[in-house]
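Got some structures for you, see below.
Next, two complexes with chain A in common: one pairs it with chain B, the other with chain C.
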Partner chain A sequence: MRNSRLITGAGKAVAVAALLVWSLLPIAFIVMSSLKPGRDIFAVPTVYVFTPTFQHYASLWTRWGQFFDGLLNSTVITAGATALAVVASTCAGYVYSRNSGRFHDASVMFLIVVRLIPPIVVTLPLFPIVNAIGLNDTHVVLMVLYATFFVSLGTVLMRTFIDQIPRELDEAAEIDGAGRFTILRRVIVPLAAPGIIAVAVFVVVFAWNEFLFAFIFTATNAKTAPLVISEMLGSMDGVDWGILFAASTVQLAPVLLFVVLMNRYLVAGLTAGATKG
Partner chain B sequence: MTDRITLDITRRGFLGTALGGAAALAAGPSWAAAKTLNILSHKVHETVLGTGDGDLMKEWKARNDTDLVFTTFDSNPLQDRLFREASLPSTDYGVGYIIDNRPTADIAKLFALLDDFLKSAPIENYDDIAPGLREAMTVGGKTIGIPVRHATGGLFYNEALLEEAGISAPPTTLEELIEQAKKLTFTAKDGTPVTGMIMASDLAVFPVSFARAFGGDYITKDFKLLPKPEAMEKALGVMANMFKDGALPRSYATTKNDDQVTWMQQGRAAFTMITFARYKQFNDPANSKFPGKIKAVQFPKSKSYDGEMSAVTESWGMSIPANFADKELAWSYIREVSSPRVTLGMAKNGNGPVRVSTYADAEFAAASPVAAAEAKALATARGAFPPFPEAARAQQLFLEDVQLAVLGRKTPAEAVENMVKRITPLLPA
Partner chain C sequence: MRSRNIAQTLPLIAPVHILILSVIVIPSLFVIWLSITKSTYGQAPTFVGLENYFQVLSDPAFRSALWNTVVIVVFAVHIELAVGLLMALLFASGLPFRRFLLVAVLAPYAVSEVIAVVMWRYLFDPDAGPVTLALKGLGLPILDWAYEPSHAMILIGLLTIWLHLPFTFIILYAARLAIPADLYEAARIDGATPLQAFRRVTLPLLGPAIVVALLFRYIFAFRIFSEVWLLTGGGPARSTEVVAVYLYQEAFSYNAFGTAAATAWIMVVASLLLAAGYVLLLRRQVTANAQ
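Let's turn to the complex of A and B:
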């Protein structure tokens, strides 16, 4: 019995270790390569011990200044899209949680179906429309698109979360004279915070890394960091791997930090409703 | 002493400041030029024009009171974006950089025909631009682009490795290249396993060059597929033997363009075929273990072939979307960039010069040790294949058979037969 437990424990440890290596190795490779001298990045045999250099970061700053403009654009767009998606999902989730009927059920299904459509299907036909209304190459167009793509998933997530909040709290607030909006703001939102954070994490990760929409709908003013990184990869004079890895590290760091900080809420948000009923 | 910092601001004050700031931003700075010319290009096209004191377009900008705003993308996304912009009812982009193997007859309709501009406001010494490059920018005899950059392929070799293997000079025939590549498949003094030659398996350039070395080709300008099938068979046979002998990497099927660069820089391969423009990168002391030791010559032809061998080139041209309003301004930019002065300036900044005269410039020749070889190759160079709507699909099918032949899964004859069967229906009628 004890042996069996030991074997199971060891198996779990090996599985977790393998998973960690699988997930962390590419990140470690990127970060280490960004600190290696250029000629050691792809050296054979692999160079593991080296004197770190920040030369690639300095070159990134001097030669690819537009990358930092891109980071600023990514930040603005990610913040806007997240705010928009969270507000819309919370409002919609509340409505779906507290109301039911044939129309509501059908519209939930519609939300899910819309989410299943590949983005490219809607992207290209949208280009002339966005152009005609003068939104091309603006932050707003990406904020709206990213939020739109996540409102469906966010709504379903928020509905599950709000379902767990007893309706009696709504009724008590109603007796005290609160309207729907006040109930949402004063009662639901504070209690559904982990769900809101989970939705926010999803949108942040998606918006920060998204490429396709940004590629189609931006040019210079709203160009995001992933687009600049793709240009570094396609340089006709050859790829400068050190700079590319430095840019990837800079691009990776904020979102990684954000996800790690929000990890606790993310797990709570995603498991909401798992034990319901 | 207080531990709080306070800022007294009224609502009216805040509103006024915000509106004033917004108005100032909206009005723009007073030193901005009256006009803006938006350009869709690769970043390298912008970079080679220089900045600050070295800005090659400084005088033109002042003369035309115009700012240049570049929107840059990687090559394929750039072409997609350019064609999409040119398909709209109107566009803000006045100049778009186009690759020579893209303009099919339908694509050409999206761009202004430049022959009238060439007559009314000619480009200085236009005939000095390499004829092959000018021709590549015409569709149905009409000019839709003015050549601005070329990337012509040459054979790079690592002189240090050649010396180590007791080889005193680079190959002058294809047979010598194969022999040397086999000899250079060895373990170097420092323990690095060296492969004779490295080439990407996902680009038509390599099999096309080998076929041309035997007097053959892939698709000619007049859309003849494999004009000399036996030359392609020989080419595939040679490549398959190199693979069998270990003179091509075991990872040939997954080798990409960037692997060629890193393998050469690390001394893991002795030969590669790539554009002359990579010379600087190969010999960059910060990234290469062999700075100054990686040199280039023209790709050699077989001693069994007496004719002229065309190197493979890819060129870029500047075009004007037909839906752009101020075509005169766009043409003025193109004229300036195409001038001998700017062409030379861009060449010094690393651009493949499209003018023959640029190679004669002593300063440029001194700064670029591969200039002479590149000039020779450029004189007769042409694209790997002409543009046609199904070109990408045809290239994919072509490369599938090339790879199967090189890996030994098909005989060269079977591969060539299959190419003819599958690619013929894709060619223009």
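Let's turn to the complex of A and C:
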């Protein structure tokens, strides 16, 4: 009996170790390589002990100024897309939570079906239109695109979270003479905060990391950080891996920290999003 | 009362619907029009019926892209499901430092496709990648992904699994946690072995979560673009193209908007077919919620 428990324990330890290696090692390699002296990055055999250097970060700063413009663009676009998606989803989620009936059910169904359309499909007509109205290569176009591809999930998530707030609270506020907007602002938003954070986490991670739309709709002014990194990766005169790793670390660190801090909301959001929408 | 109700709720749902209609629905419908016309920049479109669809479906490059996409979807999604399920069982069996391990396993969710490509290109660099060297050290074959299309496909598959395993795992783990412990207690008292308990209790009760995870991942894996585009660009010689890369090439490299639009609608229809079962499940749930 004792033996079999030992074996189970050892088996679990091996499985956990394998999972940790699988999940974290690729990330660790990026960070570690960004600190390696240039000649050690592709050394055979792989170098694990070295004197850390910040030379690649310094070169990134001096040679790829546009990467830092990209970070700034990413920040602005992520903030805008998140604000837009959160406000729109919370308002709609409130309505869908408090009203049912054929019209509302059908319109929720419609939101879910829309998620099936692959994003690349809409780039075909939007590309010439965005060009024609002069929105190409602006922050606004990416904010709107990112928010739109998350408002359907956001609405369904917010409906699930708002469903848990007792209707009596709305009614009490209504008796006190509060209108819809006041109830939403004073009653729903404070109590639905975990849902709002969950939606925000999804949009932040998506907008910060997105590649396809940024690739198609930006050229110079609104270029995001992932796009600049992809240009480093596709550089014709050879990839400077030290700089590439430094840039990757800088792009990854904030969003990784964010996911670690927000992991509870992320798990709650994923669970609610998958079962309800 | 009723009209007042609508007047008050409409402004609240309007932003979501305006965004979705103007950015997704109307453009997608316009793609149907594009798909039955022939046009390039600076030319008036002419109506050609279903010609674009025939042209796409008979294009060997499209067929190869479709085949590659199906291979990635089938392999990556099912491996993800199997591993995600094992992980869910492992976590549910009780682990020390559970919260820390959960966060560690979740980490790849934060990684963008671009960074993931940087990572995996480095790890599997044919000359000096750490994984390549480790494989060589163990006497195992290495992935010559820059020249060998099938090896490139394996690398794309690994990358996709790495990026999306956290999602599949969380769905299954949440569902596993929702199974009441009494059921396992009852199974144990009835003399069920752990394997029997898994087959007769865990698996049936995880059924809906498995269906949801699978369909989500089928639909999202079918759109795969960035991983392929950034890793191989579809090459060598278009051999690793997937449907979304084929679409991009038609539209933005060859300016063939008609065939690109036809490809787009083939993608939409394929996604709808994949989702048909899912939508039926959901409709049942929505009506159940309403009651």
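As a working rule, the second predicted complex is superposed on the first by the 246 of 277 C-alpha atoms of A that agree within 3 Å, B and C clash if a C-alpha of one lies under 4 Å from a C-alpha of the other, contacts with A are read in each partner's own complex, and residues count from 1 in each chain.
Keep in mind that, in the parts below, a contact is a pair of C-beta atoms (placed from the backbone, for glycine too) under 8 Å apart; a residue touches a chain by one contact, two chains touch by 3 or more.
From a predicted model like this one, the values you see are computed outputs, not experimental measurements.
Colleague: In the superposed arrangement, does chain B or chain C reach more residues of chain A?
Modeller: The partner that reaches more residues of chain A in the superposed model: C.
Colleague: On the A-aligned overlay, A:V255 touches which partner chain: chain B = first, chain C = second, or both, or neither?
Modeller: Only chain C is touched by A:V255; chain B is not.
Colleague: Let me test your reading of the model: by the given contact rule, A:A58 touches which partner, first (chain B), second (chain C), both or neither?
Modeller: neither
Colleague: Considering only the touch criterion stated at the top, classify A:V21 as touching first (chain B), second (chain C), both, or neither.
Modeller: In the superposition, A:V21 touches no partner, neither chain B nor chain C.
Colleague: Between chain B and chain C, whom does A:P37 touch in the aligned arrangement: first, second, both, or neither?
Modeller: So A:P37 only meets chain B here.
Colleague: Counting only touches as set out at the top, which of chain B and chain C does A:D240 meet: first, second, both, neither?
Modeller: After superposing on A, A:D240 lies in contact with chain B but is clear of chain C.
Colleague: Of the two partner chains, chain B (first) and chain C (second), which one does A:L72 touch, if any: first, second, both, or neither?
Modeller: neither
Colleague: Which holds for A:A172: it touches chain B only (first), chain C only (second), both, or neither?
Modeller: Neither partner.
Colleague: Scan A:A88 for contacts with chain B and chain C and give back first, second, both or neither.
Modeller: second
Colleague: Name the contact category of A:L126: first (chain B only), second (chain C only), both, or neither.
Modeller: Only chain C; A:L126 stays clear of chain B.
Colleague: Show me the chain A residues, by the header's touch rule, that chain B contacts in one structure and chain C contacts in the other.
Modeller: Shared contact residues on chain A: 42-44, 127, 227, 230, 233-234, 241.
Colleague: Within their complex, state which residues of chain A touch chain C.
Modeller: Those residues of chain A that touch chain C are 12, 15-16, 19-20, 22-24, 26-27, 29-30, 33, 42-46, 84, 87-89, 91-92, 94-96, 99-100, 105, 107-109, 111-114, 116-127, 129, 144-145, 147-149, 151-152, 155, 179-180, 184, 205, 208-212, 216, 226-227, 229-230, 233-234, 241, 244-245, 248, 251-252, 255-256, 258-260, 263, 266-267, 270-271, 274-277.
Colleague: Could you list, by residue number, the parts of chain C that touch chain A in their complex?
Modeller: Going through chain C, the ones touching chain A are 5, 8-9, 11-13, 15-17, 19-20, 23-25, 27-28, 30-31, 34, 86-87, 90, 93, 95, 101-123, 125, 127-128, 130, 133, 162, 167, 170-171, 174, 209, 212-213, 216, 219, 222-223, 225-226, 230, 244, 247-248, 251-252, 257, 260-261, 264-265, 267-268, 271-272, 275, 279, 282-283, 285-287, 290.
Colleague: Which part of chain A faces chain B closely enough to touch in the complex?
Modeller: The contact residues of chain A facing chain B are 37-39, 42-44, 55, 127-128, 131, 215, 219-220, 227, 230-231, 233-242.
Colleague: Can you name the residues of chain B that touch chain A in the complex?
Modeller: Residues of chain B touching chain A: 42-44, 69-77, 81, 84, 88, 151, 192-193, 258, 261-262, 265-266, 268, 277-278, 280-281, 284, 286-289, 350.
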